[in-house]
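Heads up, the thing below is written out as structure tokens.
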Amino acid sequence: MLTHIVMIHCADESGLIYKITSVLYKYKLNIISNSEFVERNYNQFFMRTEFSGEFDSENLLKELYAVLPVEVQIRLVENRKKDIVILATKEYHCLSDLLIRHKYNDLNANILAVISNYSNLQELTNKFEIPFYCVDHTNLSRENHEEAILQILRKYTPEFLVLAKYMRILTPKLIISYTNRIINIHHSFLPAFIGANPYLKAFERGVKIIGATAHFVNNSLDDGPIISQSVIPVDHTHNSKEMARAGRDVERIVLANSLRLVFDERIFVYNNKTIILG
Amino acid sequence: MLTHIVMIHCADESGLIYKITSVLYKYKLNIISNSEFVERNYNQFFMRTEFSGEFDSENLLKELYAVLPVEVQIRLVENRKKDIVILATKEYHCLSDLLIRHKYNDLNANILAVISNYSNLQELTNKFEIPFYCVDHTNLSRENHEEAILQILRKYTPEFLVLAKYMRILTPKLIISYTNRIINIHHSFLPAFIGANPYLKAFERGVKIIGATAHFVNNSLDDGPIISQSVIPVDHTHNSKEMARAGRDVERIVLANSLRLVFDERIFVYNNKTIILG
Amino acid sequence: MLTHIVMIHCADESGLIYKITSVLYKYKLNIISNSEFVERNYNQFFMRTEFSGEFDSENLLKELYAVLPVEVQIRLVENRKKDIVILATKEYHCLSDLLIRHKYNDLNANILAVISNYSNLQELTNKFEIPFYCVDHTNLSRENHEEAILQILRKYTPEFLVLAKYMRILTPKLIISYTNRIINIHHSFLPAFIGANPYLKAFERGVKIIGATAHFVNNSLDDGPIISQSVIPVDHTHNSKEMARAGRDVERIVLANSLRLVFDERIFVYNNKTIILG
Amino acid sequence: MLTHIVMIHCADESGLIYKITSVLYKYKLNIISNSEFVERNYNQFFMRTEFSGEFDSENLLKELYAVLPVEVQIRLVENRKKDIVILATKEYHCLSDLLIRHKYNDLNANILAVISNYSNLQELTNKFEIPFYCVDHTNLSRENHEEAILQILRKYTPEFLVLAKYMRILTPKLIISYTNRIINIHHSFLPAFIGANPYLKAFERGVKIIGATAHFVNNSLDDGPIISQSVIPVDHTHNSKEMARAGRDVERIVLANSLRLVFDERIFVYNNKTIILG
């Protein structure tokens, strides 16, 4: 059964849930699940409703806009698999995890293509009958390299880009055209160890836990809204290479969990933070 | 600001959220937080709403009953500290944790009294100016011992009983009069290691993780609805005594977290399971 | 550089470490890492030493036996990749994880073959150029089905069998010939929910955490020495199918972590428990 | 039974374990537990041995020095309760935890006194019959305030100082006189959120996990060798105050676990990192 999801964000005021559900009730739509959150510091209201039933989108939206504050944001989408393109560099562990989940229908997304600035993951990708594009960055400016990627993206028009250990910095041009639709897995427990060689830094600091952070890429590489984080214990017997190995398992789990939330349309972004409704 | 919480449970049908919020809207009540859950297997609807505003309880309930299915359960309560009595035996770690939280206003409850079948925790309890009752069980039948406890309870009329490592089995008579209002912390990861000597059993089985479970006591000691569980890793260097020591920290954290959920009125019980609304 | 590992287990007595290291020192062998553990209840001494250097195995063992108690167990092995065969049934998640780790050299084992009583994992296995054998169990007695498996095993002579969600019970005949060399991943937090349908049982009990347990298969399917366990939180929004999905990630991580310990020769088994030396 | 612990640190070379255990064997000392670690990057050897038996300290040390490299560090101590003084400011949760553990013999230390720059924890401390000193910092220079503290410390000559949420920065003078003997609990997952208001920063960054770090104070407040870290999940429903509340439980557990390791003499410090031998 096809269902729909409506995501509503506006300033909080009295009666919002009543007003929204009155429209849905009038249309005889059946609420399957419903979640709200009110952010107290800025008095913001967030609501996610999954529902089933027949309706005309234009009319429904019109009625919702009519009962809600002027400055509301409403997003009405079908609850279905998302179209994605994966960007990777050389590491296999996140890409392989997504390819396996995709094959066994555990990703809620269609992987349209994989793009990498190296070729070593081509063989793996092709095993799963997914198109693979190697866009070598050597001798190319950042802009020209990214333009080559954009040409591929234009062909596939994915709804989301997944950076599965893609180790290059994106330009604002690309980022702006995918606001809150690029998901990155960062190889550390943000905001600790921002930037290059996080496991070497973690080793040198002598940490007892390492982590991973999945986040939207909105501005700089490591500053976007955090979606999910997890950690794994380490100790003095781990050198930086072994910390990286321990990190791989937590990275792919955090990325997969975050993508589930993204593709299930559970996430609002506000003030550079995520609000995730169950 | 005093707020109220209404907990509603009924068979699911179309329009419930709309109908409930329309009543609250009519009364000009301000929803502070709202959560719903629909259990699909049995088609049950659960909703918890915290709200502020002036109203007449009798009228509000009347209107809610009028718009909801006949077989609805509605619970309307003030959002305030609960009155509790703690039962303990000889172990200090859960009781001391609750006494400290109580002293520093981190429990959302008033500890009216502590009852134990031993006297060794009296000194600790008295440090915090809480009445302590030693009800020795030697030479008493289970019924007579419990009757002595019930006499104390009648004096204090607590809303909840907290079993903070109380190692005796309660009779159905006592349990029935506190349905879903007795909280126990069980020294294992239920349903593993039910019964006596769980840490010895865990040691002999060579487990690599031990846990703790807080649950309501409804029938037998270890079978009630689970509220919260957590675990702690152990290894071959832990003997059963050291497992018990590791377990103490996880026990008191699980108990404290569970009591927060109980005293904040977040828990429905259905089919011997808890539904906990955020 | 090839190194060796010696695993020594005997009753504890004074001077054991001195006596063992004196032999290694005499042979000019270089200790790379060394761990000991003394089990107090039964006064048992366990020591694992990894070392490098040239030596004659027969002579070294002779000298070690000469200085140690009569009832000692000594295991001297090269530190190298192990030969394994994987048994599976229909679930993909553990097998795919091992195939990927194997391909990227993160398993410390050679996967010689995959055997299943179903055919659906053949395509996946073949992607990774591993021989796959479907041994259908329909219309076969347990003994005859297992004999067909044993014929394949005889061809490959693996050092370890990995049950990657193999859902059939092994006979004592097979188990005895692989004492402490069959590793199973159990879909629950043993000893809770032993047997069939653990996620349904977990759902019905309303647990707040589900787990996974990797263990050696020595007697019955779920009673062998536990190698590693881990858990993942769940709540009332998880039905049994969603609990199973949550469980898949923890299952494959626990299995992979346990295999690392097994293949690195870190595990002693004593009294149906594991002693794991770092 | 009184036991002793010897901690040995030197450059790694062949035969160290043999040479050390040969001395212990000659003295007929009984090794109760023994752990070694070799740091590969700098070729450093660390060994901790707990043993029982009669011996003359001077002679034993002389013989150990004779067989070991010139630049060795040997620390030979009795395995007994440590004398400590606790410094606190206004927060109760770590201090109360230590007072309770102390009372019930679960700390492996004698709390000689509690010093605070505020008076509000006096009542709590006095309940447990521990001397409390309020050393008000208002109108005092940092040096003069610390001198007042030092006068108290001189009276008690503690072996370790525990900063149980002591919110002032120590001067190098005090730190140098307690190298690797001052333990601090830091209210964040170092190296993230160094400095003031970590929970506000964590809230503003929208993290999904908060942590706590216990470390030695050697130079600046937050840069010393990390002993232990742990985390707790949070989400968008936690404001900074609720993050702080969630943090309190993890802070006191991390501090208590770290103190156990310190007081059991399990920790070497090398290169601003801890090596913790089990």
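Lettered A, B, C and D in written order, each chain numbered from 1.
Quick note on the criterion: contacts are C-beta pairs under 8 Å (C-beta built on N, C-alpha and C of every residue); 3 or more make two chains touch, one makes a residue touch a chain.
As the structure is a prediction and not an experimental result, all values here were calculated from the model.
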- Note on the structure: Fit chain A to chain C (C-alpha, same chain sequence): the rotation, rounded to steps of 5 degrees, is 180
- Euclidean distance of C-alpha centroids - chain B vs chain D, Å: 36
- Multi-partner residues in chain C (2 or more other chains touched) are 37, 237, 278
- Query: Among line, ring, star, complete and other, which one matches the pattern of chain touches?
  - Reply: complete
- Write out the stretch or stretches of chain D touching chain A in their complex. 37, 39-41, 189-193, 204-209, 211, 225-231, 235-237, 239, 271-276
- Touching residues (chain side chain B, partner chain A) in the complex: 14-15, 17-18, 21-22, 24-25, 28, 30-38, 278
- Message: Looking at the complex, which residues from chain D come into contact with chain B?
- Response: 92-93, 96-97, 100, 103-104, 106, 124, 127-128, 237, 245, 248-249, 253, 256, 278
